[in-house]
Amino acid sequence: MMSELLDRLVRDFGVTDITERPPAITTLKVSKENGERLIRELRDREGFTHLNFIACTDWIEDGIFRLIYMLHNYDSKQNLGVHIDIKRDHAEMTSIHTLWAQAWTYQRELREMYGIHFPGSPRLEEDFCLEGWDAMPPMRRDFDTAKYSAERFGHREGRVSLVPRDHMKVQLYPNRGGDES
Amino acid sequence: MKKTPSTLSTLENAGLSAEDQLLFSNARPRPYEPYPIKAIEDFANWARANSLWILAFGTGCCSIELRPLMTARFDASRFGVAGRPTPRQSSVFIIGGYVSVKTLKRIVRSYEQMQGPKFIIALGSCPANGGMYFDSYNTINQFDLYLPVDLYVTGCMPRPEALLGAILELQDDIKAGKCDGANRYIEHFDEYKANQKKVIKDWNMPDYNW
Amino acid sequence: MTLVTGHSAALDFAQPDPVDLSSGKYVKLWQGPQHPGITGNMSLELVLDGDTIIECKTHVGYLHRGFEKLMEQRTFIQNFTVVCRIAVPEPAFNEYLYAAAIEAISGVQSPPRAQWLRTLNLEMMRLASFLMWIGGQGGAFGQYTVANWSLTYRDYVLDLFEEMTGARIYHMYMVPGGVRAGLPAGFEKRILKLMDDTDKLLDQIERVMYNNVVFKARAKGLGVITREMVDPYGVVGPNARASGFRRDLRKDEPYLVYDQLDFNVISGSAGDAYERAYLRLQETRQSVNLIRQVIAGAPSDGPFQADMPNLLHWKVPAGETYVKAECTRGEYGYYMVTDGTEIVRRVHVRGPSYTHAIALMERLAVGTNIADIAGLMVSLHTYPPEIER
Amino acid sequence: MNLKDLLSPFYVWQRAFEKPYTSIRPIQERPGAAAYRGFHINISEECIGCGTCHKICQNDAIDMVRVETYEGRSGDSGLRPRFDYGRCCWCALCVDMCPAGSLRMSNEYTWITSDPTEFHFTAGVEHTTWQDNPLGYHRAEGYHLYPPKRIEMEMLPPEVSVQSFDEVVAGYSEPQALLEADRCIECGICVATCPAHMDVPDYIRSIRDRDYEKGLQLMYRTNPFPATCGRICTRRCESVCPVGIQGEAIAIRWLKRFIVDQIQPQDYARILADQTGNSGHRVAIIGAGPGGLSAAYYLRKQGHAVTVFEAQASAGGMLRYGVPSYRLPDADLDKDINYIVSLGVDIRYNTRIGKDIRFEQLLQDFDALFLSTGLSVPSSMRIHGEEHPRVLSGLQVLADVASGRDPGVGQKVAVIGGGNVAMDAARVSRRLGAEVTILYRRRIADMPADTEEIHESQEEGCHIVTQAIPVEIIAASSPQQVSIKWGEAEMVQDPKGGRPRPVLQEDRMHVETYDCIISAIGQGSDLEFLSKEIQDQLAIEWGKFAPGEYQHTSLQKVFVGGDVANRTADAISAIEDGHHAARGIDRFLNPDARTHTDQEVN
Amino acid sequence: MNSVDEILDYAIDQEQQAADFYADLAGRAEKAGMKEILLDFAAEEQSHKQRLLAVKAGDHKLTPEQQVLDLKISDYLVEVGASANISYQDALIVAMKRERAAFQLYSDMAAKVPEGHLKEVLQGLAKEEAKHKLFFESEYDDRVLRDN
């Protein structure tokens, strides 16, 4: 049954990269343009009535954000992950807040954590978890949280740690071993 | 009895809108001055030590151990400890572990609303040196930069017994007149405020919450 | 009483127009984050008409620690200690799901004994969590005696956790590949004794709290989730079961050893706070029963950890997975993406409170009496730390 | 609403008569559980300061700090973990990971202070009330964060290996090597112990990254004999490997070998890309063993012209003439040597200093000299009848076999000695078809030979007779045979301490006849090529040189190294001597230029 | 030689002779390293002599009853000559052999005299020499037989 469905999705929505993943999910990829339509179809026609979550993975090396919409069909107990790649430098996606009540919350989160825009999504510009945030969206891969924390919050002074291997070299054989080149 | 320092200047309250400026006091806080007669002060400290009312504001993970502490098994009530829903009635603020920037703002506000003498117990690693979240972009690493801490309790999280131990220790310290955190805050008010404002970016409240 | 604004129908997700406060007819009230009626730290921005709520906005983020970011800084084994902190009152599910996600991607199979011990740990967690929730629900309706009982019993469960895992709250027991230790000597005897006592306690709680006329009067009809609302609002777990759905991941998509245990999915129909509360009481009993079954079925020897590579620099192969488990509040899930390095690429934690405490809460609060808001919130059983992570 | 509902709350009263839940003295009466994860305990004596706890700690809660008491211990960095309880989350990963097993946790948990900087302590060094607490968390049996067992090495079965001189050890396959390399915890304790200070953790990491070319480059930084050392190194690194404390040490030697085996000789030049300039200086090296050639390699990289004088017909020294090919095949030795030679090293074979060229001549002709002549004179037992023609020296037997000559050991052989030469001579004799008895004056545990070699020779059918002291060699009835008289020994503890000494039991003597007796009780240096005056200037102790820092001697130009100048007398030490001498020679030749490649003390 | 003092004088003289022997050898030794070692040997003999002088003066008592470990190493080694280019191994053999000969001498003499103080002194001297022998044999065991 699943294969029939997938065949149809390939035909009608041009989905690609269909992958079975352990323990029991299927992921597929669809274009940004067909995304909202596909998800609506899955919810209304195919019984994927449950939206588990919306999340995003930053593939900075490819210049994309990969959105994942995880859907579940309670009757057939199928899990379907819909991947939608959007450009990092033009991070925008169609809002699905009319499909599920919790969708706009996820979209608010993605807006705050990744800077992805969802036109029309309610309360999108409100602070979600952060307050008065003045740096790059923190979940982006190029945001260095350790550096930010050290600069803004500091650490208690008085701690020094030595590296055993380097310490032993200094103590026991300073002029030997691999030469630095 | 208490005299107002003559050098008292006013607070700027720059974070408030013009109309809100009118709603809040701009007076600087004053330190608590002990009763001139030692016996009276000692008696007051004895009374304070035996009625530690904790502000019911669980600020992080560690506050989950406050519930066992307050219920039948550990029964903190017998040590004169009670939870209060409002800062106005509380004398002890328990910082329950990590403090996010957003919570820090509420902590500062709640703390300032508490009536002196007031005390802060910080639980766990996080307030001491960042703990598990030392590299998090949203939690502060040294709580004592922002508010004065009277006692630290180690653990992640500290058990109710450790918490009880801290309360007993706090009682002893209060009776000995050693807990001067609140006065430290007033004396170094500008430093604390600067540290608070360094991390709380949308400062839209009065500089001191009377 | 008529609503001046707000949702026209249950399934209209559009945001209500903001209430015009300038009329002076309505009062805006902030509840939390410093408020005893709120579980964890959340705040509700309420607009009241008299003592009736006409608008509710939730504000979260007071407990945001950036876990998902922190996990992208740490190795796989290091994260094992981090994840339990995501849901403070119920950390074990995080541990299990984190381990399960890694095991799914890497193909590591935890040995049978580890699976039984994990099940035991999870059911003990469920029991402890429900006992805490009972205390919270009792407290929200002014019944502090019950809270004193149930929290004490929760503490007894924590004592057992301490023996089993070495810690009361953050057990850090379910390591990827298995668990960290077997059961200490005499553990079975002690837990069975506690289960007998807990049964008696639950009977007493039912009598004192659930039959209490005040509790009934306040909880019945409060915060009704209709059958139609369940899927569109992403309602799961006891909240969905109380509205008539027989959905339980332990049965529907069995994990660990749940397919070898004998239990039925409990469901109700009324969908109100009382139904949810009563359903949770039954599930607490069910959990006691499951613990007895696990103790009887768990093998007492054999390995409890799979043969693992060196976890200090383990490179989990590139992959992606979503694993889920039925926690006390419903579907708890871990979505994980790995890229073949020593550090995870992305973890998304799906906590049931995310939907219950925001979209659902904002909807259900409308029309509720201000005095019942804490009771409503508790009856949805939400944990803010898992919302904002 | 019914009456029952109205009355039900009053059931709470039924509990009024029950025993209260409340813990009367909670702080005193509730210690943590037996396995509670409380405050840290470190047994500092057992700790080796490997820093693995620091590495696994996700909270950066552990610092490694100097504790002077423990500095200078073998296999110990002298550092100890210092905990920051402003960071710790009591996960006990440090305990689980601790390879020494010195770290655990007590079940104590209360620490209250007004000063947050107090939460720093060096467990086991600073006094804590919980250090001696027997309860608390420790790693459970059967739970590991890294595999404690080594990947077993495939070897020829002894009944097959004894048939030929084929290499006994198969070498790891790639999957095996990856698994074994994975076990490394990268502490780097081994680096200090390795005489050549090879970058062990780094080249093991290169295996995990499957970047074998990088691995080769890393090895050549400190050792131009990786193919050789990958087979026959005495691997002191493994003896201090922390993983070996509670499990089996990482097979560092086999991993080194694995990397070299992955690379073809013709690719060396491309991968290593060694630059050899021309400094205008000429250096003579006496002895083409590991020490001499190691010096040659690094001197060539520094741009000096190198001439090596070798008495034998081939290069390699003991590696070629002392180590049998079933342990080190010629092809692998040649892999190392050929690469060194390919950098433009001029080797003069069959040239014996003192006979073909005078040492003084070299002193005159070259800018610097490196002596690495090794130990080539077999020690004498000094017992009666030793000069019997059927008493052979172990070194000679090995050299004969290496050169393709038949040493003529016969069918029944006795080997005297317990070192590697004795084991090799015995195993070579087995391969030549002889029945072999090894006579050793002490116990097996006292044998200086590698335990593996002892084990393998036993497997191959060598009969080891321990506590057997030879007292006399007696001519046998046939000139092709020889008899040995030996007495049993009792091990007696010397009251002054030290290892027990064997005492001959004169009432328990044996006489046995063999086709030959191979004496392999050690070897000494041959310094006859040096004139008395020069010997007097070179500070020779116990027949060995005593070089200074940078391997120099009191003769300005002369540097020494290898077995003839160190106490350990193994290949890896010789290699390091050569490397270090090259540094010394470079400093000597370029006293002003800061081209020295050695790292200054920072 | 039948009085105790005579015996002791003889023994002291013997130690002096041994010291002279090593000093002489050291003077002729070709290798600088061996020179030092032989001088060490001479010093060792001098210390033996001092000990016996102390015995004679009554400051120190011989202990004929004590057990001395006999490693029996020198017993089976060949005699070596004391040449100028003597090796360390051979020097040790020479020393062991000398101590062994002295030990034998005193033992034999002790066997011939009747029970009494004299016999005890001779036995005590034999034990002294046995200790000296052990000193050199231990050195041999540690150095020469190190790898064996």
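As written, the chains take the letters A, B, C, D and E, and residue 1 is the first residue of each chain.
Please note the rule applied: a contact is a pair of C-beta atoms (placed from the backbone, for glycine too) under 8 Å apart; a residue touches a chain by one contact, two chains touch by 3 or more.
Please read these numbers as outputs of a predicted model, since none were measured by experiment.
K.L.:
If every step must land on a chain the current one touches, say how few steps get you from subunit A to subunit E.
P.N.:
2
K.L.:
Go through the assembly and pull out the chains touching subunit A as well as subunit D.
P.N.:
B, C
K.L.:
If I average the CA coordinates per chain, which chain comes out farthest from subunit D?
P.N.:
Between subunit D and every other chain, the largest centroid distance is to B.
K.L.:
Taking each chain's centre as the average of its Cα atoms, which is closest to the average over all protein Cα atoms shown?
P.N.:
Measuring from the global C-alpha mean, the nearest chain centre belongs to D.
K.L.:
Any idea whether A-B or B-C has more C-beta pairs in contact?
P.N.:
Result of the comparison of A-B and B-C: B-C.
K.L.:
Using C-alpha centres only, name the chain that sits farthest from subunit C.
P.N.:
E
K.L.:
Provide the C-alpha centroid distance between subunit B and subunit E, rounded to the nearest whole angstrom.
P.N.:
85
K.L.:
From the C-alpha centre of subunit C to that of subunit E, how far is it in Å?
P.N.:
89
K.L.:
Taking each chain's centre as the mean position of its Cα atoms, how many Å separate subunit B from subunit D?
P.N.:
Their C-alpha centroids are separated by 59 Å.
K.L.:
With chain centres defined as C-alpha means, what is the inter-centre distance between subunit D and subunit E in Å?
P.N.:
Between these chains, centre-to-centre, one finds 41 Å.
K.L.:
At least two other chains touched by the same residue of subunit A: list those residues.
P.N.:
Where subunit A meets two or more other chains at a single residue, that happens at 129-131, 138, 143, 145-146, 156.
K.L.:
Hunt down the residues of subunit B that sit against at least two other chains at once, touch-wise.
P.N.:
Touching at least two other chains: 72-73, 102, 128-130, 132, 134-139, 142, 156, 159.
K.L.:
Would you pick out the residues of subunit E that each touch at least 2 other chains?
P.N.:
Nothing qualifies.
K.L.:
Pairwise, which chains touch?
P.N.:
A-B, A-C, A-D, B-C, B-D, C-D, D-E
K.L.:
If we count contacts the way the header does, which residues on subunit A are in touch with subunit C in the complex?
P.N.:
Answer in residue numbers: 19, 21-25, 27, 49-53, 55-58, 68, 70, 74, 77, 79, 81, 97-98, 100-105, 122-123, 127-131, 138-139, 141, 143, 145-146.
K.L.:
Considering the complex alone, what residue numbers of subunit C touch subunit B?
P.N.:
Of all residues in subunit C, those touching subunit B are 33-36, 40-41, 61-66, 69-70, 73, 81-82, 85, 88-89, 132, 135, 147-149, 151-152, 154-155, 158, 168-170, 385.
K.L.:
Which subunit E residues qualify as touching subunit D in the complex?
P.N.:
30-33, 69-73, 75-78, 80, 87-90, 93, 138, 141-148
K.L.:
Which residues of subunit C touch subunit D once you look at their complex with the stated criterion?
P.N.:
74-75, 77-82, 143, 145, 148-149, 152, 159, 162-163, 165-167, 170, 172, 175, 178, 180-182, 184, 204, 207-208, 211-214, 216-217, 303-305, 307-313
K.L.:
Flag every residue of subunit B that touches subunit D in the complex, lowest number first.
P.N.:
Residues 72-75, 122, 125, 127-132, 134, 142, 144, 149-156, 158-162, 164-166, 168-169, 173 of subunit B touch subunit D in their complex.
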